[in-house]
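The following block contains the structure, expressed as structure tokens.
Order as written gives the chain letters A, B, C and D; numbering starts at 1 within each chain.
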């Protein structure tokens, strides 16, 4: 049995609790939140769980092996570090930390102590994104672009911009499905509410190949959109997360270049481009709840000392991009190079 | 009667011919194209129209008052200038010219001779875009963003990038519906077909106000999308040109800021943001064919010496943005300021 | 406090329990199910609730004022009658009973004892259906037709046809939103799985007015559809329950009759029909969970002796139509008249 | 060359003319219409075509081999019979005649004279319907149901009900794609405009097998719908004619029956039904214009004396169903048996 504490019972905490409660090898021992009025219903539903406002009580419980941290981003580092130092493995909400330096220190601390650190990149555990990865790597050919639109009305965050709230999903998905990591980032954005961080942003990711990635995130959109286009030399994909049953559509479409010599009267540079339009197919997807699968994977990693798919370094890679994008946005969209990836022992 | 010649009978020319043939005050006298094999069917359908490969024949006809130019972009300037010099008014396909300097010279020439010059910004004559302008100016409040996605598979152009082919529509629509002109532009794009201009591009338009505009154009998309989101402080709009009957949807949605003092325990900077979600409505739109209305307007301008809505200066403003965006794209997305607008007499 | 027992903890029971547990004036005392393996998780979540396989224990508890019955249809009558005889008010899953005669007996028993009987016509407590009723009664003019399609893959029932499972929703909605009750019914259907009841059915409801109603239900459809068209002389409605935020769309469309004398050459009977196409609007809807509102209404009725909206007679009216439709289906679609409604004291 | 006359230049005639003008082996000699004001534009576009109000002139032209009849339904029989008697082959708009007796007489007359008779069942020449036929016959397994919804606002016909105007499409498609012909029909409908034929109708087609077919047609719907569901034992199809590029979707879905003996505690009749949900695919469709292909086929049949796919007997089969459905509608939906099909020599 893996003893567990959940820190933070706001928006996401209840989902963690519900899923952890259903994993047979988990002993959910504590839920900790500073706003105790949130915990009333919890007490009724999970009478066996200890409820507290004091993080230390959780850390001092020798039966706790791991904590899941679902507090505001700005507190992730301090809480996770404290937990690691107390010998607990940590599962941290996305984004893993507010800065890449913090993420690096957590990774080092976990490594040093042989503890597991995971970041909650939930989407990469969905059937849709797992299929997306498989298709991109097997069927798409050379990947030309990755374009994501993730917009809706709300939920404005007070401390982080829409990039840290919404684009983090796209960055974590790209980190998982693409075979390449970006070399540089540029981003523009704007705040329309005085005193509030940017509520609309556009990110460009630059790679050392023909791939181009772009993300549009917006908290002030009239409609909810969750749509990604991925184009490759062989096939193209539309991933629409709001579709009920056909989230992934694969199109056998593209262009063909006629390499023949030009016809009389054509200039040499007038190659002929043809369009290929074939069948579309929508693969059946695994519909297991992602968060449950993800927590089960984390628990197994804690038990066996293995690495989760979304380990601290995945969290770090995403935070480094967000950091660079934030710098770019502050400089009006200037290109910001990403430092070479740090290699951890 | 306004005597008319149509120059270029490729993709768009037949539409010009069909619409001109139905304007009672138009005497369609000539159609001119270098590829005469295109003209066979025309001869059968419009036996009264003279067909030629020689532009001069059209210009030498004293009964020709105006020419419509629907040739590749690179030839617009030379043909239009020749026509103006021969005393003919000109209606030029979008974009009006390849460079802003060319557009300026056409405007000057037309002004000097008292001739009409118009650019074919077809979309601004649709019921949808006319309604969009009305809504943006009357109901939206402060305009926060304008975001357009215009993607499909094909048609690759050989001489111009996807920006000059597709984004020109968005720029001409923005020029018409928004109350502000951009101050600077940045753009990124890529070519995935060796030897071909950029087939995917993202443009950011920067304004001297809270407005942010963004355009995504792509010739390599698996699906066709024509969707614009416009957000304002009072209302928000979705304009989807592929919808059959509800192209414009107006959402009574937005955020409200609670100016009250913070509750005990809240930090001062924790203002409260609420979300307002009211009715949506889709206004009935005028469904007259845009090109017919546009050509009728041009003919009336030629007859009465008035200015068309999309005059040479509208064409120039759009080309200046495309020029700047092309520069930015070449510099990896660097911000390119737009020179102050030139004022014509 | 109203003491409550929930009978049946299969598909719907957990929803009843979850909602009842959140009504402050409810004391949820018992959950009863014959398949006790279903009750394990319940025990953990709601430790204060008594769990039993014996219905009598619930009825013998003097603190129980009401029971909610969520068992297979065939058992509704016996369980509800037993409960009423034990002095308990009853909230019964739809359809209320297997036969109209059973429903009449329950109504009489409840009346005699001054107890409340309600049927769980959940949809009529949704914001969408409440708005539909308001629009039909205020804006539509004369109602011309009501057409519903409710199809999906599964869930086959063993004991009742797709009509009793799916059309019951449409019948309960029509009973609530329309101002008229049907006079006769015809229905056709078919079973494609040997030994299983009809999995596809079409119902026609005939009224004493210009109104025509039709329902298509199907357990073997490749896609899920929940779409109702309602046409009136002034407006028309599309109610699509699968839409996230615009479930109800009101179209200002219709025909206009030109009453003028015929033009020369027209025959007298050639009246001229014009088409009116105006704005569409989608009203903002109340998004409170229907089941919670419905149970709260039932509890208030038990407390104050008032009648719920979906009382026993509403349940009876729906069962009478289902009964007639079943007869019609057995006779190959013959018209079956509905007996005049019985008036209860 | 096949000499051609087009009779009727109202709604559909211009499409016939446009397509015939582009078939190289056709000599389009005449267009005939009683309302000559319709013909003005025609004269300008097709100066070589003779225009007349007198049908006899067309019939007396020995160079005319065939006529296409696009007049109101009530005149089809008289005009087609006259043409056949004058030795001309005929291509008749749908529905072929007003009565099955008329259709039989036309077929006999054409047979006797060795002339070709075809009915314009345009849809069966579309890529979508050709694919539908192929899928139904190859992949679907046993066909369980065919359900079509074909509704929109307008165009009311004065002389025929919505069934003869819209359902004729569905009946001609079913005649082509299904492997079975109906045994009996029932239909209900209503007129909401005094003095006008039924504007809404529901048809049930009954077959001698497990197949059930249903058609909903409506001239008073707020939205346009063209959607057909076809369910089979192996696969299911959604054919949505309003989709731009994915008109046909094939779903690998269905039910599976577990033939195992019941588990302890289950009653014997409780077989277990499982649901199979696999991939969806949308085949690429031929996008050739149907009417052009259809007319080319007719011309080839006239030239070589072969039978068109939609011959007089296909037209007759559809009219017999419409006749029976009209009878059923007049009798309040009573089942009307179709007489055994007549065998023509």
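Just so we're on the same page, a residue touches a chain if its C-beta (ideal position, glycine included) is under 8 Å from a C-beta of that chain, and two chains touch if they have at least 3 such contacts.
For reference, the UniProt names are A, B, C, D = Oxidoreductase.
It should be emphasised that the depicted structure is a prediction, and the values quoted were computed from it without experimental measurement.
Enquirer: Going by average Cα coordinates, which chain is farthest removed from chain C?
Expert: The most remote chain is B.
Enquirer: So which of A-D, B-D or A-C is the twin of B-C, meaning more than half of its contact pairs are the same residue numbers?
Expert: Repeat of the B-C interface: A-D.
Enquirer: Find the geometric centre of each of chain C and chain D from their Cα atoms only, then give the gap between the two centres in Å, rounded to an integer.
Expert: 38
Enquirer: Counting in whole Å, what is the centre-to-centre distance of chain A and chain D, each centre being its mean C-alpha position?
Expert: Taking the average C-alpha coordinate of chain A and of chain D, the gap between them is 52 Å.
Enquirer: Please work out the Cα centroid separation of chain A and chain B, and write it as a whole number of Å.
Expert: Once rounded, the distance between the two centres reads 38 Å.
Enquirer: Mind pulling the chain B residues that touch 2 or more other chains?
Expert: In chain B, 223, 245, 277 touch at least two other chains.
Enquirer: Using the touch rule from the top, collect the residues of chain D that touch chain B in their complex.
Expert: 21, 44-47, 223-224, 242, 244-245
Enquirer: Quick check on the complex: what are the chain B residues that touch chain A?
Expert: Within the complex, chain B contacts chain A at residues 144-145, 147, 149, 151, 153-154, 156, 158, 186, 188-190, 192-193, 195-196, 200, 202, 204, 206, 210, 212, 214, 216, 218, 220-223, 229, 231, 233, 236-238, 249, 251, 253-255, 257, 269-271, 273, 275, 277, 332-335.
Enquirer: Quick check on the complex: what are the chain B residues that touch chain C?
Expert: Where chain B meets chain C, its residues are 245-246, 252, 277-284.
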